[in-house]
Amino acid sequence: MRVHVYGASGYAAAQLIALLARHPRAQLGAPESASHSGEPIAKHFAELRWIDRRFDGPGSVLEQIAPDDAVVLAGSHGVAKTIAPHLLERGARVVDLSGDFRLEPTPAVYGFPERYRDRIAGARLVANPGCYPTATLLATLPLARFAPVQIVVDAKSGITGAGRTPATNSLFAEVEGDVRAYGLSGHRHEPEILQQWRAAGIDASLVFTPQVVPVSRGMLVNAYAALAQPVAEEAVQAAFAQAYAGDASVRILGDGMVPSMRSVRGTNDAELHVSVHGNVVRVLCAIDNLGRGAASQAVVNLNIMHGYPVHAGSEGNAWALSW
Amino acid sequence: MRVHVYGASGYAAAQLIALLARHPRAQLGAPESASHSGEPIAKHFAELRWIDRRFDGPGSVLEQIAPDDAVVLAGSHGVAKTIAPHLLERGARVVDLSGDFRLEPTPAVYGFPERYRDRIAGARLVANPGCYPTATLLATLPLARFAPVQIVVDAKSGITGAGRTPATNSLFAEVEGDVRAYGLSGHRHEPEILQQWRAAGIDASLVFTPQVVPVSRGMLVNAYAALAQPVAEEAVQAAFAQAYAGDASVRILGDGMVPSMRSVRGTNDAELHVSVHGNVVRVLCAIDNLGRGAASQAVVNLNIMHGYPVHAGSEGNAWALSW
Amino acid sequence: MRVHVYGASGYAAAQLIALLARHPRAQLGAPESASHSGEPIAKHFAELRWIDRRFDGPGSVLEQIAPDDAVVLAGSHGVAKTIAPHLLERGARVVDLSGDFRLEPTPAVYGFPERYRDRIAGARLVANPGCYPTATLLATLPLARFAPVQIVVDAKSGITGAGRTPATNSLFAEVEGDVRAYGLSGHRHEPEILQQWRAAGIDASLVFTPQVVPVSRGMLVNAYAALAQPVAEEAVQAAFAQAYAGDASVRILGDGMVPSMRSVRGTNDAELHVSVHGNVVRVLCAIDNLGRGAASQAVVNLNIMHGYPVHAGSEGNAWALSW
Amino acid sequence: MRVHVYGASGYAAAQLIALLARHPRAQLGAPESASHSGEPIAKHFAELRWIDRRFDGPGSVLEQIAPDDAVVLAGSHGVAKTIAPHLLERGARVVDLSGDFRLEPTPAVYGFPERYRDRIAGARLVANPGCYPTATLLATLPLARFAPVQIVVDAKSGITGAGRTPATNSLFAEVEGDVRAYGLSGHRHEPEILQQWRAAGIDASLVFTPQVVPVSRGMLVNAYAALAQPVAEEAVQAAFAQAYAGDASVRILGDGMVPSMRSVRGTNDAELHVSVHGNVVRVLCAIDNLGRGAASQAVVNLNIMHGYPVHAGSEGNAWALSW
């Protein structure tokens, strides 16, 4: 597959470009960036010095697109809605990293492979899930059968989740030495989570606390699900084991090990820890916000859309960058 | 007051020494350290280069103690139990930073000034609360009247909370880039929290998740209290406003501001944010684990025991160090 | 003294405001910020939550200025040149943190107290030295009598030196995990250093390498001065001891201690280490780029201009913030 | 090749194990660790959760060794001297990461491939260079023809260079927020550098300043070489271009790009920047202290010893971990 990247100058796009460069079945099409047009990728991303390519200018993707090419839209929220129809029209497969196509009603398939793999296989337009929803769904969907009433999600994200556009809140001198909650009166990822919970039969209310930690990349989501009554820990752990049986990218930890942002850094992996405390189920879930939370999940979706092995190009941490 | 420090080579002790050096009514007695006996404090703590004193050797505190001197015990858990009786016998006032005297039955008064100020005033032995319990109690005690059924406490601590004794888990290369949960099957601070909840009439169960964040000092505790039924946000916020009226060290934030480790760094202050989501009350509480969570709370307790102004020597962030 | 702050929303200005708030002889005039006009300072600087003031809007300083008021100009380079004449005209004393008045010909006195204290005392316009030149001059001026031929200055700065205006290079995810040289083909501080060297009789050439380290605040400058011939270490150390005799803000370290950014963080102090290697003198110098390198040096200059004790309001680390 | 790792619980060893796991021609033999005997590697290194192996106990390497096996000695300095003879006796090829065999007289070949590739090819015992010497030699050996008189080396290292054995100086709360010089009165790497300089015909004196920066892994060495007379920048740059022609692991940067720890993180690459200032040549060199400075250089040496392609198993950053 030839994969164009629209909005190629952000963190998720850079990670995607690194992934595609080593993908056995992929070829990088146009890396389009309005702001860095014509400049070497190596100049803007120290981690990509080994990639000898330049950013293409505005309009390049549309110009170079051929039927059956794929495009990953990595621009800001709001832009994909305008561009995607033109790309689809020309026969392209599209994976959108923004929030434009995630909420119903939407023409897109929600790109959460654990749940929608078959529909993704047939899709031309896939909405890649947000990083918070990805980790939250991994941590909670297997709970459906226990009918949680209310779920508290205490979530910590590395700062790359805020993107590469300069902002005071993302400066080193602001992020260092603090853990900073935000979106306390409502976060755009809540409807995305609720929509998927409802689809999976989870009727719980959601209390969601997103926080920035002084880490470049990584995400840890702690979900606390209150059930109507106590449940046996073994039953819950069995449900998780069953849900992820055969899913090589999900590790359920025991034996004194806890989910770690560093274990999954630069990978498509997720790590889970599940325990029960009376009628509360606690699930910790670590992913890489730029990996499973963005770029590598996009690659997995592209693989499924093309009929390639699911984890082609994202095995292990073979493509770790180091923000 | 003359204040001796036993176990003077840890982080909390160093912060305490800095505080005492500027306290208008205090004088540093013997800074006893078995490991650094005779060496300049300035050599072991870059932040204390302006203090021209040496560590005293083993036995110094006991040797130099005079009636009405004060001693802060900053050694490891388990040691205070042995030493405190000898100090009390000689007429000293003792504040213990370890966990030795916190749990009932105990001869000590629990040094949480918001609740036990009068008893502290008359005490000779005070058990300084742990950092996690301090932040948790600040975030939850005003909820007693709402009869919470269950409280989830998701807590993040800077690594100085683990002390200065070298350990693999405290190395820079282990702490950086991760958020690491620990004590998932039970943490020694849980009984301390539960005991104080019960004393305050809170019958809730506790799910407690302590985590290390890549920050030297600071603590953020997010408490999620499930009530039997929904409650009005105004009622809860009013309860907090009333609970901390006249307490200059507690700031309840609104207006888009969120509790920040950096706001309270090097201070005795706490910052709170209170909101209600259906029948869940969410309270965020930031303190400095070495300030309100240890050294400055000890100073406040010493002040109360001596009849000095409560915040003498700990106003503002006048004594911030910078780990 | 009443001190207005123009350009009050940067890091150095915030540190200055904190200093002035505790200065025994100072009162904060208008904190003017075009971008944050009317908003609480507490909202923009978590570290200043204890300051109950709002930013004033454009023109406020000029409006509120009274004869004998003082103004610190903390705006971007280029702006001071336009504003200073109006302020001087109205009888104000002005300290400029920018580079506008540092280079000859200039109407300003260069605010390096170790050398120009008498002239500063009589000045109405003082050019506060840059952070790199401050540390470099502290490390090299005592070498004049040894006639260095060539001096290499390898300098590391915390990222606050780049200011608070959002820029890709200052983002957490860019600064973390790297040491980044810049200005390799010439840095604006070189002429400032050379001008002061010449004034002090140092004819050496300069090779200057500024670098950003993943630290919020702090500066370490290593100067390597090649002499025409070997020199005795004792002679050089004696020259430094003599140069800083009676200067309470400069510590010359021995006894296994090395200059530390953390030792001087939040202070006006400098730490030096001096050694000789054949005909090379090596001097390490640590300062706080926002303290001695900006805000506290400005306070010292204001003190001298007003005839106050030199270190009033900047003793110890009594005013440390924690970026 | 089957490669045993002695002293397998340190950072360099862990990086080596990761490299070997993906090496097309290598197989991990016994990972011997006295301290972690029998425990899963995944438990001690979050980054190695994907490796399903346990540490072997004391004596395992010696027990399992077969003729033509290879062993990498990653224990502390002083131990290799005792063990290596026994391994060589049994026909093994040995690469030692410690300093035991680097200094003449030594039975080992110095494993700096740019200079000793042919001798390495025939060696049974290779002394892997230290990280500081590796970067310093890369930055200075091409200067031989310009006869430098004196070279200042200002070096910054990530803290993993100090190893994984717990020590106060390596704690997060000590390393964060500072740049810390050490070994100011002489560092064990100086003789190693001087020995190689002399062998290459460089007669310069050395002033060496090692420093720890708050970075887990990475090294930046700035070399300032004073020549007897000025030299044309083009001539020096040409010498470097020629020296590294055909060496895919060394990038000489221009075009506004500067050597970056992050560019080379997790790789065997080095980045150089060369400029001339009068009679001073300045060379910046970035490597990964655990990559080119330890584990990947060991793999390269193993490759050369076995006649494999030089960069087998260390191409790109395919094996980046993320300390």
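Lettered A, B, C and D in written order, each chain numbered from 1.
Everything below uses one rule, namely that contacts are C-beta pairs under 8 Å (C-beta built on N, C-alpha and C of every residue); 3 or more make two chains touch, one makes a residue touch a chain.
The model shown is predicted, which means the values in this text are computed figures rather than measured ones.
When chain centres are defined as mean Cα coordinates, B lies farthest from chain D. A comparison of the C-D and B-C interfaces places the larger number of contacting C-beta pairs at C-D.
Each chain gets one centre point, the mean of its Cα atoms, and the points for chain B and chain C are 36 Å apart.
Each chain gets a centre from the mean of its Cα atoms; for chain C and chain D, those two points are 38 Å apart.
Multi-chain contact residues of chain A (touching two or more other chains) are listed as 46, 177-178, 214, 216, 260, 262, 265, 322-323. Those residues of chain B that touch chain A in the shared complex are 150, 152, 154, 156, 177-182, 184-185, 205, 207, 209, 211, 213-216, 218, 220, 222, 224, 226, 258-262, 265, 273, 275, 277-280, 282, 284.
Considering their complex, residues 22, 40, 42-43, 46-47, 49-50, 251, 255-257, 260, 262-263, 265-266, 269, 271, 316-323 of chain B touch chain C.
Contact residues of chain B toward chain D in the complex are 11, 46, 158-160, 164, 166-168, 170-178, 214, 216-217, 322-323.
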